[in-house]
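Okay, here's the structure, questions in a sec.
Chain nomenclature is as follows: A, B, C, D and E, assigned in order of appearance, with residue numbering initiated at 1 for each chain independently.
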Amino acid sequence: MRLLEVENLTTYYKLKEGYVRACENISLHLERGEAIGLVGESASGKTTAALSLIKLLPENAHVMAGSIKIEGRDISGATEEELRHIRWKDIAIIFQGAMNALNPVRRVGAQIVEAVRIHDKLSEKEACKRTAELFDQVEIDPDRVREYPHEFSGGMRQRVMIAMAIACNPKIIIGDEPTTALDVMVQAQVLQLLETLRREREMGMLLITHDLSVVGETCDRVAVMYAGQIVENGPTEKVFSDPAHPYTRALIAAFPNIEGERFLAASIPGNPPNLLAPPGGCRFHERCSEAYGLCSNEVPALTNISPGHSAFCHLLQRRVKV
Amino acid sequence: MNMRGYLLRKFIQASITIFIVVFMNFFLFRIMPGDPIRVLIRNPKISADALERVREQFGLNESRLVQFWIYLRDLFSGDLGTSFNYRQPVWDIVMERVPATVLLIGTATVLSIIIGVLLGVIFAWKRGTRVDIVGLSVSLVLYSMPTFWVAIIMVMIFAVYWQIFPLGGMGMPGTFYASAWAELTSQLRYMFLPTITFTLILIGEYVLIMRSSLLEVMREDYMLTARAKGVNNRNLLLKHALPNAMLPVVTLIAINLGFIVGGTIQIETVFSWPGLGRLMYTALTNRDYPVLQGLFLLITIAVIGANFCADILYRYLDPRVKS
Amino acid sequence: MNSALVKKDTFALWKKNLSSFWSIYRQNSMGLIGMVILLIFALMAILGPYLVDITIMTVDGVTQVIHPPTSEYWLGTDDLGKDILAGVIVGSRVSLMVGLAATAISMVIGTVVGIVSGFYGRVVDALLMRFTDVFLVIPWLPLMLVMAALLGPSLGNIIFVIGITSWAGTARIIRSQTLSVKERPYVERARAIGSGDTHIMFYHILPNVFPLIFANTVLVAAVAILSETTLSFLGMGDPTQVTWGMMLHFAFSMGAVSFGAWWWLLPPGICVVLVVLSFTFIGYALDEVLNPKLRRRDQ
Amino acid sequence: MNKDFNEANNLLSVRGLEVHFAVRSGFFSSLVSRKISLVRAVDGLDFELKKGEILCLAGESGSGKTTAGKAVLRLLEPTGGEVLFKGEEMNAFSKSRLRHFRQEAQIIFQDPFESLNPRQTVFSTVAEPLEVNRLTRDRREKEERVAKALSDAGLSNPRELFMRYPHELSGGQRQRLAIAGALVLHPDFIVADEPVSMLDLSIRAGILKLMVELRDNKGISYLFITHDLSLAWLISDRIAIMYLGKIVELGSADDVIKSPLHPYTKALVSVIPVPKRVSLAGKTLLKGETPDPVNIPLGCRFHPRCPEAQPRCSEEEPAYREITPKHFGACHFI
Amino acid sequence: MRKVNKLALMLVILLAFSLLIAGCGGEEAQDERNVLRIGYMREIESLNPMVIWSVQAYEVMNLNYNYLMGWDEDLVVTPKLAKSWDVDESGMLWTFYLEEGVTWHDGEPFTAEDVKFTFEYIRDNELGYFYDYVASMEEIEVVDENTVTIKTDEPIAWMPQILVPIFPKHIWSEIDPADAEGEFTNENPVGTGPFQVIEHRKGEFTRMAVNENYFKGRPAIDEVIIIIYANTDMMVEALKQGELDVIGDVPGAQFKALQEVGDPDIVALDADSPSFTELSFNVWEDEASKGNPILLDREVRIAIEYALDRQEMIDVALMGYGEVGSTLVPPLFEFWHLDLGEDFRAYDPQMAVDILEAAGYTLGADGIRVSPEGDPLSFTLLIRNESPDNQKMASMIKDMLAEVGIEITVSVIDEGTLTDRIYDGDFDMFIWGWYVDVDPSSILKVATTDEIMSWSDCFYSNPVYDELHLVQQRTLDRDQRRELILEMQRIFYNDSPYIMLSYDPELMAYRTDKYEGWVRNPRTGPVLFTNIIDTYEELRPIGE
């Protein structure tokens, strides 16, 4: 049984002008102990997709379709009360800006204790003890539980967030750009910590990032999103070494690689489409250097390239056919 | 910065503010048209000697700078001068009126904060619904009404038309009460209209501030974190949203004191409530400058003091201020 | 394209800005209601002399003193036999004028103090802010009353007193906005291209704090009108002028309550409430339109 | 010190540049507390920038690289050291010379969303430098120059953009607009402060290419400030690595990245992200985070985090010296 | 939904609570005592007689202390603390025979020593308004315990009326005279009057308990409370609702309402008062005068009087209460008042125009008349901010004078400023009023030359008038004196430095369902707030 199975998840935002098709037909699956990276540039819908999993969306967002199963149990129709128990116990999240993700007027320890006591019937004292242990695990001095978020540095706050995320032993952790605002060195530290904890606890992880390298360092598999849709999905190594979708290819090429040649790659021309009225056919066709007639007319179908590696692109169809 | 440094800084700031107010208070009253002696002595037929005596008594024969110095010196010894009208120390006159005003302001403020915050929370929680829209509109209307006008309308309805509440005052002097309970209910009856009017006036702003503050807080990332943690709605509100959303309200309460004082003048005038506001009004109509000056100074110091307390409270409520 | 075209384009740009503002503003029903009410009162103030026979304002004999509404006097008469409706209409001129003039004074002081204080910082800031604090904490009504009493009752003084006592909040808001605008890279960029302080204040800071000034002006106007009413009511107004506040003052001191003369108390009061409310509504709407933080997040 | 460089060839020579400031505190609190904490943001910086060169100042946040960039442009008053621009001592600049300097040296900021005045149109954004410096009165000429700058910055159909607002442009267009605003004055020196870090990967390359082209075609020199070493390597001629207000290593881009000398550089290079499946295990992870520039450690300022630290490091500050030709470093053990 | 229900519940509870409070109104115990509650608008500024000036503070003093004498309804002097008196041939030595067995509130006996002390204390220290009455007393001697003689330096026409309350020597002799006019509060005043103050809350109320041992017999009322209201509405309503027994100082509009509503238990009393409102001109023929010199021309002043429809002004500004004014002495003092008859300059705008034309003031192009010298008839009318009535009158004066080609600019200033401008001679005309003593001497004195820069506010100067004033002061014969006083009024009216706008009414209202025995004194005067306290002594509960 898969830890997490998402089928055709579709979430729109309702605006006065119409629906923003932020995330469409997202299908993902996650095994126990596996890490999957959801990569995409800004406004590609990756955060929407992640928040849709546990329905933490703004009010004007509507999950239009799709099923979400955790260990086979479908939670897409769960009530708010049921979801409350699924959150953190089954799926915990580490948010992007840790400064804003922690309540500024409450002590960090109390915020963790709270999470613990909601889900595990523990006494205050036991919860505090657990919190101290968690601090130890994320390499923060346990005495600092009585401090306020603003007294921590950025990296430390992200560690607090991690401690909080693992407090209830969740099965799945969603990391929403957990290292974006951090320096490379601190980023590496945090990623390493996450990696260690994940392996120790056999958690599944969904890592959302715009940074390909982060995926390279932590994820077993990667899903690339463009304009609200997944365009390619496969094992990290395969996707990096042999990207199937033109967008993935361009993205990887644009990434400065000190192991490669000193050479400035061409940027992808144009801008991402307006999701209020996305282009027909393949959403990437307007910016794709390899696009041909079919691309603008027909939505590309999923093509399996190798086991576990698939992409949505007409070119692949042609390649397969050839 | 440590607590002591913070306190010291705030204290120095408050002191400077008070000094500026004292300065303004002194010189403002020296630019008034007309000789204060004329106001002081209603009898224009007074011998030159007597006139000089009064001048001296009120220190008006000295140069302005000397007068300012004397004024400061007297202030520090708690002497606010002598009322032109009552011929008594301003301090005594003012202190006599403090309890009535504190009772009125205190009750109305507490009531309006409690109800206002509560309603603000409800409207914010139900934002966009009919409850919210109606509530918001009513709050804005309340916020837009002249205080005295509401008071007049209340009197007209409840005391003149229906006659279910007394017209004004703090009680009918010389009344014997059958029991303590009777006295209490009678007191409450007299307090009811002014308090409710004042509460109505104040409530609007608290509702608006609380609502918008809470709405803003609910958009914060940490609220998302809390929801993601599985915190239920009640705790989401009580433990996460409110402590943050109350911060602007605390500031508002202190800043509002100045406004509340303005409100008392109107309420007390309409309801004949024997407090500081009515004292100020009569002092104005009597041109009793020492009383006006003293009142103004004391009220301002009280407001500055309240702001000082609010700063400290704020620091206590918001750990971020400490660094 | 020649330069005339750029000029023409500038007009087109204005039109565009205005229409884009309007297209957002229009969606705010509160703001629309406020604007309609205000327009009605503005029309009333401008057209007042043409709508009613102002001579009705002069004394009209004893027979119709404090008379409930009749077909001749739609809102009844006051103790001098003056037509209340005429009073309300004529009063709208002075009330609005006082409100707007006082607001103008307040905004100019508040904006200058706020921008200078925020921009120069340090000692200038500390001194100006201390001064602002004084005006912020001083109970405004007592201060206004005292000043009005000392200066004497005239329209000019009322305007001056309201203006001089109500700028502190604006100064604070403008200052904090200036502080944040000042730190924006485009101000630094402006320095990098060699702009002086004045240029930066006028071309970079002012336009960016302007929406706030604008929204705040409306709210200050509401306060100013309320203040005028209150001052007049408490007997500090100019008794030779007809304002809503003076009408209420006379109504109250001449015993409208015991008379049960609701037609004398209600109309001026309701007018005040409506105008203040319209300003508040517009202010609220502007705040939402001009302050994108309040707008609902799209994603 | 650097005999190889001919002073005349240097657009910019920086010697012992220092920017210290007292911790921001209000006027009144400075009356209350006597303790003044000094932030030593830039604490003795030496480097040269040759004409037509791209020099990268790289480092983590708190290393003082942005402060250094602004100090060089005199957007911040340096508290010590000297800066020579085209051989002239900048401290001695008269007011009019400084005004002229503002035309010669420009800056591009990190965030194109923030660095453009949201209430200025494209035209007025680009024309403003001309107006401020009273370079042209003639409307037509002004329009010509604005249009030229915009097209130089890679914006096609510049005249159609004239009346647009920044928020109507895409991120890449905005950064090009910012560059056009700098180009319009024909500068020969630009400080680029993280010019692409806020942009999506797919757009970055275009901006970087534009900058390199401008160097090639117009001879503009860049002081390129970034935290991203791979980017630095890609674009610059030489790289200087900063740590806590000082340069710890300086050399050609390849030298610094491919054969780092300083332990700090080594660690940084080891964590440079690469687009492939890698293991975190092979990386040199430093402990902790960059300390506060208020409390700079004694001796070698890197020693508390240095994996190779020796007792000597905590006592003696290492000299900044040429270790291999044109490759400088500051460490006792290299 | 649950939240809203809770809210609704809370509102219901709140409503219920307020109804409970509202319903508890009847809980007050039926008060056995006879309490007279008086509503008034203006504060009692002090209990110390030496510093008070307002009519309401005098009322309290008059209840607490006694004069040597009183007045009957015709304003003829009657005995009070002095049961009788006589005067010798010279008219300068007066002997007062005091009531026996009178005690102070604190039980001490009242004697001639107290009288001597009081007069000397005030004379020697020039205290308060009382000084005028004792200034001319040369010698005061105690003959025996109940007899005192007073020798004056000249015959004094008003003499038996010494409006000075008698203070207990055993208390006041302890008080430093400087304090007496300063911060002495006289918290528990001890007098001989029918009531004694037992509680005084500034600006709120003053409670007075009956003097059980009052020498003229204990009044039927147990307690008198004067309650101060901040606004008239509340006061009138309180009377209507029976919370008050009597109110004074009622504004015209409310008075009219009280009259018209016709509550059978309420009497609305439009009484004459000893006061008038005048339009005063600057007639100072001195270089220091900053007034418009055109107003020195009597013809202009007289024309203005003809141009003013004073009845209309009273109808509008005073709601018709009040009487068109004529001479300095109000008709309330019937005996002293001069009835002008045909000589009265009643409203006649045509006459005004004729007079102005005859005097050479011709109509200018803009409708404003111009003096022969070419100066426009354009004046500034100063109005006190404190008086809305005066403001209304001013706007009417402006309109009425515009009709005859005189331009008026109305300027509203406060009393302090007005006083200053008067003493500076810096005014054209203003509206203010006077409160007139029982004896007309003092009001007539205001217009004498000596009073310029003192009491005078129009700077009128007429040697004939001045001389008459001196003569009347020494004329002891009442009828003879009356002739002199009537002549003075005639002269003053002829010269017209004042235009008497109105004799002001004293508007009061009282309930008749609780007490009876309301006494008006003088005959056409009010029931309270004169120097005569008969009402308090006569009032008794209905049915007793």
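Note that contacts are C-beta pairs under 8 Å (C-beta built on N, C-alpha and C of every residue); 3 or more make two chains touch, one makes a residue touch a chain.
Nothing here was measured: the structure is a model prediction, and the numbers come from that model.
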**Message:** Of the chain pairs B-E and A-B, which one is connected by the greater count of C-beta contacts?
**Reply:** B-E
**Asked** Compared with chain D, which chain's mean CA position is the farthest off?
**Response** E
**Request:** Find the geometric centre of each of chain A and chain E from their Cα atoms only, then give the gap between the two centres in Å, rounded to an integer.
**Result:** 89
**Item:** Centre-to-centre distance between chain D and chain B (centres being mean Cα positions), rounded to whole Å
**Value:** 55
**Request:** Between chain B and chain C, tell me the centre distance in angstrom, where each centre is the average of that chain's C-alpha atoms.
**Result:** 24
**Request:** Could you please state the distance in Å, as a whole number, between where the Cα atoms of chain C are centred and where those of chain E are centred?
**Result:** 45
**Item:** Contacts with two or more other chains, residues of chain C listed in rising order
**Value:** 149, 152, 235, 252, 257-258, 297
**Numbers and ranges of chain D residues touching at least 2 other chains** = 26, 28
**Fill in**
Within chain B, the set of residues that touch 2 or more other chains is 13, 32-33, 155, 160, 269-270, 281, 285, 287
**Request:** Would you mind writing out the residues of chain A in touch with chain B in their complex?
**Result:** 54, 56, 84-89, 92-93, 95-97, 100-106, 114-115, 118-119, 148, 150-151, 164
**Message:** For the complex, give me every residue of chain B touching chain A.
**Reply:** 220-222, 224-232, 235, 239-240, 243-244, 247, 317-320, 323
**Request:** Please name which positions on chain C make contact with chain D in the complex.
**Result:** 1-3, 6, 9-10, 12-13, 16, 122-123, 125-126, 184-186, 188-196, 199, 203-204, 207-208, 210
**Prompt:** Of all residues in chain B, which touch chain E in the complex?
**Reply:** 32-36, 38-39, 42-45, 47, 50, 57, 82, 85-89, 93, 96-97, 118-119, 122, 125-126, 131, 155, 159-160, 163-170, 172-179, 181-182, 185-186, 188-189, 192, 196, 268-272, 274, 278-279, 281-282, 285-287
**Request:** Provide the residue numbers of chain C that touch chain B in the complex, in ascending order.
**Result:** 130-131, 133-134, 136-143, 145-147, 149-150, 152, 222, 226, 229-230, 233-236, 248, 252, 257-258, 260, 262, 265-266, 269, 272-273, 276-277, 280-281, 284, 293-294, 297
